[in-house]
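In the two complexes that follow, chain A is the common piece, with chain B as its partner first and chain C second.
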Partner chain A sequence: MQRRTLATAFSALALLGLTSVPASAEDKPTVIRISFPGAGTGGRPLSGGSFPSNAHLFKEIDDEFKADGIRIEWKFFPGAGPALNESYANGLTDVAFGHGDLPLIVGRATGLKHRIVLSSSRFGSSYFVVPAGSTAKSIADLKGKRLATFKGTAGQLTLYRWLDKYGFSDKDFRVISLDNDSTKAALATNDIDGTNITPFDLQARGIARSILEIRDDPKITRPGTVWVGEEFEAKYPQIVQRIVTRLVKVAYWSTQEANREKELQAWATSGSQAYVDYKKDWESVSDLRTRINPLLDDYYVASLKNSIEETKKYKLIRKDVSIDGWIEPKYLNQALKELKLEDYWPQYDAEGKLKVDGRKLAARN
Partner chain B sequence: MSASTDDASVFPPRGRGALPQPQLGALLDFARTGVGAVARRVGRAACGLILPAFVLAAWCSAAAHHWVPEQLLPAPASVWQSLRELWAAGDLQSHLGFSASRVAWSLAIGGSGGLLLGFGMGLSRTLRAYLYPSFNVAAQFPVLGWVPLLIIFAGIDEGLKISAISIAVVVPVTINTLKGIANIPPHLLEVSRVYRFSLAQVLWRVVLPAAAPSLFTGLRQAVMQAWLALVFVELLASSEGIGYLIVWGRQLSQPDLVVAGMVVIGAVGVLLDLALRWLESRVQRWRRAAF
Partner chain C sequence: MHGFKTTALAGAVLLALSSTAANAQSATQLKKELDALRRQVELLAEQARLAAPAADARELAELRQQVKELKEQQAKAQPAAPAPAPTVAADADQATRDAATVATKADIQGVRADFENYKYENARQLERKVPSVTRNTSIGGTIQVRGTWQNPAQNAGVDNGATGGNTSFQATPRHTSFDVPSVTLSFAGTLFRDYTEGKNLTYTLGLASGSNFAGSPQSTSSAGRTLGVSSPTGSQLSITNANLAYSFFPTNGGQEDAKGTLTAGQQLVPFGLEAQANEEIRPVINSAQFTSALSGINTRQIGLIYRGDSFVNVDYTNNYRSALVEYAFGVVNGSGPNKSDNNGKKDWLGRLAFTLPADYTSWLRELKLGVSYYKGYNNLANSTSNAVVQIANSTRAGLDINYTHLPFSVAYEFVQGKDDTLATASATATASSPTFVKKSRGQYLNLGYTWGEQFLASEKSLAKYDDYWPKSYQAFVRFDSFDADTLNNAAARAGSVGDKTFITTVGLNAFFAETTKLQVNYLLARNDAPSSGIYTSDRPQKSQGLQVQFQYGF
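Our next item is the complex of A and B:
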C-alpha cells in the first residue's frame, strides 16, 4: 500500500516536471524575471539610485508588457550581486537591472552566459566613513583596524581602489564582510573602524562621519550593467528590444531636471539610503546625464577591462574573462535611434574624460 | 573461545564432495572464529563506506552530466584541487589555526564553566535548587538565538565568537557532569563515609573516577557542539577561519571552496572525536584493570 502511494507521488512529481518545462517556439514569454542585485533595508523589495530602479518604481516595464499579458516578476536580493549570480545559475533570472562590476565578472568567470545590453549607472561619489567617536583623520590612522565592505559586490573593489590610491593594500587592514544594514549598525556600535558608505543621514544622526570623499572619479567607481540571459535573448529578441527601448526612455525621463525631486524621493522609499543621502550625493551633479547614462561607450568598455584586470590582480577569479561577444550594443543603438536620442548623452573616452558632449539642452529657468 | 566439532578452523570441510548442508553450517561457524571476526569487523567498516561511496558516485555523475549548474555544484576533482591549492598556499592551515584557537579558548572557558556548574549543582542540593531551573531554561536556547543578544554585549569581534561557542560548550558539559555525579552508586559514598574520607578524598577517590565516563561524554559532546557553533559564528563578520572560507567561496561563486571547507570541518570533527575517545580509553584504563 505504502509503496503504491510512493509510486503515485513519484509519477505525480514526474508529471509536474514534464508540464513545467516551458513551451518552446513561442515568440513571447508568459513571465519575465527581472532581478536587482540588492534590496531595500530589511530586505524590502525596492531599489534606488539608478534609472532601472525608476523603471520598477514607476511601473514602466509592467506597463510596457501589460497589453501582451506578460507578467513581470521582480526579484530583489539582500545578498546583492553574488546572490543574483546564484539566481541566474539556477535559471531563475532572465534580466539583471544593474549588476556591479565584481559579481558580473565573477559570474562570467564561472561560466554564466549573458549579454550586456546597456549600462545602468556611472561615476558617483564615494566616501570614507568612520564611527562618530573615532579619532581617525586619514586612512593611515586606520591601519591594522577593521574595515567593512560587502565582499563579492562592487563595493569590495571600490574599497580596494581607495586603499590602493592611498598606498595600502587589503592586507594592511582586517577587512570583514557586512551588508549595508549591518554596516550602519556596526558603525553605531563602534564594531568597525571604517567603511565606504553615503554618510549624510548617519552624520545627521551623530552615528558616523566622513573623513574623505572622492567626487565622481571615473577611476574609483565603475559603471553598473544591465544584462540579458543568452538563452532569453536568443529566444525573445523582440522582447529584449522592447525592454531596452523602454529602459532608455526611462533613462531619458530620469535625466530631466524637472524629475529630480520625484526620483530622489522614490529612491528613498527603499530605505537603503535616506532621502538626505541622495539629495546631498546628487547636489554636485548639475547635469543628471553625467551619472544617468546608458551608453556602452569607450569609458564603459575600458572600465570593464580594468575591472577584469583588478579582479585578477586580487585573485578574485581563477579563470580568465574575455569581453569578446559579451557586449551587445545593437539593442541600445536601435533604441537610441528609435527615440532620436543618439546625440543626447555625453560620451567619455577610456580615461573617463569627456569625448563627445551631449546634446545642448534648452537653457533652464 | 571454544572449538566445536563442526568448527571450520578445527575440522575444515574435506574436498568438494562434502554435502552443501554441512558446508554452509561450517562457513557460518567459521565466521565466529578469530579470522572470521576480523573479516566481520572489516565488513562492518566497509558497510559504513557504502553510503559515502553512493553519495560520491551520485555527486560525480551529477557534476559530469551537469544536472546541477557548475556554479552551484562543483566537480569532486575541483574540490580536491582547491583543497590542495589551499594547503600549498598555506591558507588552509592559517584558517584552520584561527578556527582551532577559537574552539580552544571556548572549550577552556565554557568547559571550566560547565565543570564548575556541574560539580556545584551535583554536590550541593542548595545550589542545585537555586540554579538548575534557570540553567534548564537557558540550555534550551540554540546558539543562533543567543547571537543577536550577544552582539549587544560582546560586539561582533572575537568576543562574540568565543562567548557564543562557550555557551554551546557549557550546556553539554554541565548536564553530563551533573548526571555523572547524580548516578554515582550510593554504596560507594557509603563506603567512603565508613572510611571517614575527607571531602578532598571523596572527590578525588570516589566522585571523579565514578563520574569520569559521563564527564568524557560531556567533553566529547562539547567539542562537537563547539565545532558546529564555530562554523556558524564564523559566517558572521569574520575575515578568517574555516566558516569564513565557506562564506567567501559563496560570495565569489566558487562552490568548490564551500565544499572544501565542509570536507575540512567534517575531517577535523572526526579527528577530534577519535582523539577524545583515545584519551578517554587511556584515562580510564584502570576501569578495565579493576573489573
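Our next item is the complex of A and C:
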C-alpha cells in the first residue's frame, strides 16, 4: 500500500470530518429537534397521552418560536425510547418530550449527557391483559407462558414490577419483545399469553380481556421525563427556559377539566390508543393534576432512584448511575414563578403519597 | 252494581300501578290498556248518570284522574323520542359537546355502511388487483444503470473469447459506454412459522442477470481487462440464491438470544466481508479484485452452511446488539452455482468473527475481527482432450477487520489463495504431471465518511406522512490490490510478473430515497510491468475511469 497515497486519503477524510462540524456561535438555533419516544399507528408522526403531546398537537412550541424564525423539527420514533437514545447519541436530537425510565437510565449509564428539566407524566393505571379466549384468571396461571413487552422501554420495567408484585420474576415466563401494534395483533392471534396494555378497545373488539388492574399505584408506574441535551442547554439556556415555560403553560391548560375532552380526543388521533382507552383510563381521575404534573418533587426523584436500582437488579445496565447533576430544576422553578403556579400542582413524597395539596385555581386561558 | 264498580276501580288502580314501569312496557301495550280503562270509565259514567249517587261521582272523579295520569305516562313512553342529551355548559368546547352528544341508530348504521363499503372494496381489490402467493413472501430486487468513461480507450479488435449471448466485439476504440450491469430479483418468506419460539423455516429465491459489460480492470485475463468480462449466462436471468433455512435458536425472544441457522441450498459463501456483501450495502461499484479472481469464494455455492453467534451483548440504550463470537461452517460442492458437484470431493469452509463487547456510545463499538478459511478442490484438465487428469488442492485464507462507527468506517481485508497448478503445458497434462502451488494475494483498505442518517435504524424508521428517507452522502477511498502469482520472479516463472493490479477508487454515494443510491466512482488502475518490460495496449501501465451508477431497488 503506497504510504503517501494513504496519508493523503486520511488527510482528506480528516478534513471532511472537520468541515462537517457545524460552526455556530449564535444565540439561537435555526432549528430545535424535539423527539417523542413513540409514534402513531401506521407510522404517523403523532403522540398522545401527555401534556408534551398537547404541546405538539396544538402547535404550542411552534408558535412559541415562530416569530424568531426558529423551526421545530418534530421526531417520532416507532422504536420508542431506545431509538430516541440512538438519535441523541448521534447528535440528532436536542430535546426529548417524555422519555421512559428504562431508556433514560440506560442512556445515562452508557454516557449520554442530558439534563432533566421536567416530569412529563406520572401515575396512571396498569392492566394485565390476556387473549379473549384465554382461561387464565391470574398471573400464576400464565407461568411458563409467553408474555410480551417492548424490551428496552419503560414497559419492560413495568412488567417486571407486576411479576415481582405477584411473587414471580421474568425467568418464570418466556418474555418476548413486541411493540405496541404488534402486541395488539399478537393478542388477536393468540401468539402471546399475556401483556400489559390498556384493554378497553381490545375488549370492545372481543380480542382481549383484562384479568388484573392496578390503578394509579406509584410503585408500579414511574414518571416520564422531559430532558434537554447538555450541549444544547449550555449553548441556548434562554431557549430551554422558553421551552420549559411554554410546556408548563401547556401542562396547566391540560389540567383544566374543561379541556379534558379536547385533549382525550386529540390524543386518540395517534391511534396508539383508542379514544375509549383514554376515556376509561382517565375517568377515575377527578383532578387531572394528579397525572398531569410537571414537578420534580420528592416522588419524581425517589422514583428515578428506584428505577435505577431495578435496572441494575435486572442487569439491564452494567455501570452505576448517579443522579448528581442530572436533574436541573431551575427552568421549571422559573416557569412556575413566572406563571404564578408555584403551588398549583400537588406535591408527593417519596412513597407517592400526597405531601402538599395543590392550590385550586379558576380556569383561565 | 257496587261490586262491579269496586272491581272496576280496583282494576283501574291496578292498571295505573302496573303502568308505573312505563319504560318496561311498550307503548302499544300501554295504549291497549288505556283504551280498556277508558271503556270502563265510560261504562261507569253511564251508570253514574243513571243512578247518580254522590259516592259514585267521587269514584268517577278519581278514575278520571287516573286516566289522566295514564295518558301522561303514555306520552312519556313514546319510543321515537331520543333520550335527552346530558347538559353541557354554554361555553363548552366542541370536544366536550361531542362527548355529550348521543349517537342515534342512524349514525351507527352510517358507520356500519362505511365499514361494509370498505370491506367490499378491500375484498374486490384483493380479488382483482392484488397478486397472491401460496406462502408468506416478500419480493425485492435491484437494478443498476451505469455510464462509464475510460482512458486510454478500449481497443478494437481484441477477441475476448466470449461465446455467450449479447457479447459485442469492439469495432472501433471507445472511451464511453452505457450499461445495465446487474438486475436482481429476490423472493423470501416463511414456510413454517413457530409461534412459540420463532424457530422458523424460511426460504429464499434470488435471480440475477449476468451482463457483458466492458472493461473490467479486475479481470485476470487481458481480454477481460480490455473488453470486459462476458457473463457465462449472457444477459439471461439465472438463479443466485435458492435455499431454505431453519433456525435452531428462538428468534422471537428478543435481541439477547443467540442465533443459529442451518441453510441448505445455493447461497453466498460466508467468507470475509466483501464476498458476502450484497449490492445494497456495498459502497464501491466494483467489488474488490480478489472476489472475482479467486474461485470458490467468488460465486455462490450449493451445500449446507450453519451460521450462528454466541455471547451476545445487548446495550439497551438503543437495543444495540453485538455478539462476541460469530461463526459459520459448512460443506459445499465447490463447483459454483446451478451445478452439481464436478468431482468426488467436497469443499469445506469456516469463519470466525469477534466483535468487541462495547456499549453503543463507546468508541470501540462495532470493531470486528474475522478470519475465514475455504478448503476446496479444483479439476485440472488436459486442454486437448478436456479430460480431468488431477484433482488439485485449492485453499483460501482470509483476515478482515471492520470498524463502522458512524460517521467513520474502515474495512480492511486480506485474502490469500493457494492453488495447485500444472507446471507443464495443460495440452499435454497427465495424472502424473508435476504441479506447483501458486499463491495469489488480494487485499483492500476502504475508508469511508458518511453524512446523514441512512444507516441509523432510528432515523430511517422515523414516523412521517410522506415518502420520507434520510438523505445521506458517503465519501470513500479504496485501495485494492491483487497479485495473481506472488512469486514475482520472471526467471523462475514468467507468468508471475505482469499479473498485479493496484486500483485506487475515490467515490461518493448519495442515498436520496429508500433503496436508491447514486454512485460516482473515479478509478485509477496501475499494472505492474510484464516480464518483457513492455506494457501493452490492453494492459497499460496506467488507466483511469469514471463510473456513474444509479442503483435502485424495490
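In this text, the second predicted complex is superposed on the first by the 338 of 365 C-alpha atoms of A that agree within 3 Å, B and C clash if a C-alpha of one lies under 4 Å from a C-alpha of the other, contacts with A are read in each partner's own complex, and residues count from 1 in each chain.
Following the convention adopted for this analysis, contacts are C-beta pairs under 8 Å (C-beta built on N, C-alpha and C of every residue); 3 or more make two chains touch, one makes a residue touch a chain.
Since the model is a prediction, treat every value here as computed from it, not as a measurement.
Upon superposition of the two complexes on chain A, a steric clash is found between chain B and chain C. Of the two partner chains placed around the shared chain by superposition, chain C is the only one that A:G43 touches, whereas chain B remains out of contact.
With both structures placed on the common chain, the touch criterion links A:F76 to chain C but leaves chain B unconnected.
Contacts of A:G111 after superposition: both chain B and chain C are touched. Residue contacts after overlaying the shared chain place A:G152 against chain B and chain C alike.
Taking chain A as the reference, the larger set of touched residues comes from C, when chain B and chain C are compared.
Of the two partner chains, both chain B and chain C are touched by A:N85.
When both complexes are overlaid on chain A, the residue A:N259 reaches chain C alone and has no touch with chain B.
In the superposed pair of complexes, A:A67 makes contact with neither chain B nor chain C. Two complexes overlaid on chain A leave one chain B stretch from 5-13, 113-121, 185-193 or 221-229 clashing with chain C, and it is 221-229. Note: residues 82, 85-86, 89-90, 103, 106-107, 109-112, 146, 151-152, 174-177, 189, 191, 316-317 of chain A belong to the chain B contact set and to the chain C contact set alike, using the contact criterion stated above.
Those residues of chain B that touch chain A in the shared complex are 69-72, 151, 155-157, 237-239, 247-248, 250-254. Against chain A, the residues of chain C that register as touching in their complex are 89, 92-96, 98-99, 195-197, 252-255, 315-320, 359-362, 406-408, 443, 445, 447, 449, 451, 453, 456-459, 461-465, 475, 477, 479, 481, 504.
Looking at the complex, you find that chain A touches chain B at residues 82, 85-86, 89-91, 103, 106-107, 109-112, 146, 148, 151-152, 174-178, 182, 186, 189-191, 316-318. Against chain C, in their complex, chain A makes its touches with residues 1-2, 5-6, 9-10, 12-13, 16-17, 20, 39-40, 43-46, 75-79, 82-87, 89-90, 92, 102-103, 106-107, 109-112, 146, 151-152, 174-177, 189, 191, 258-262, 264-266, 316-317.
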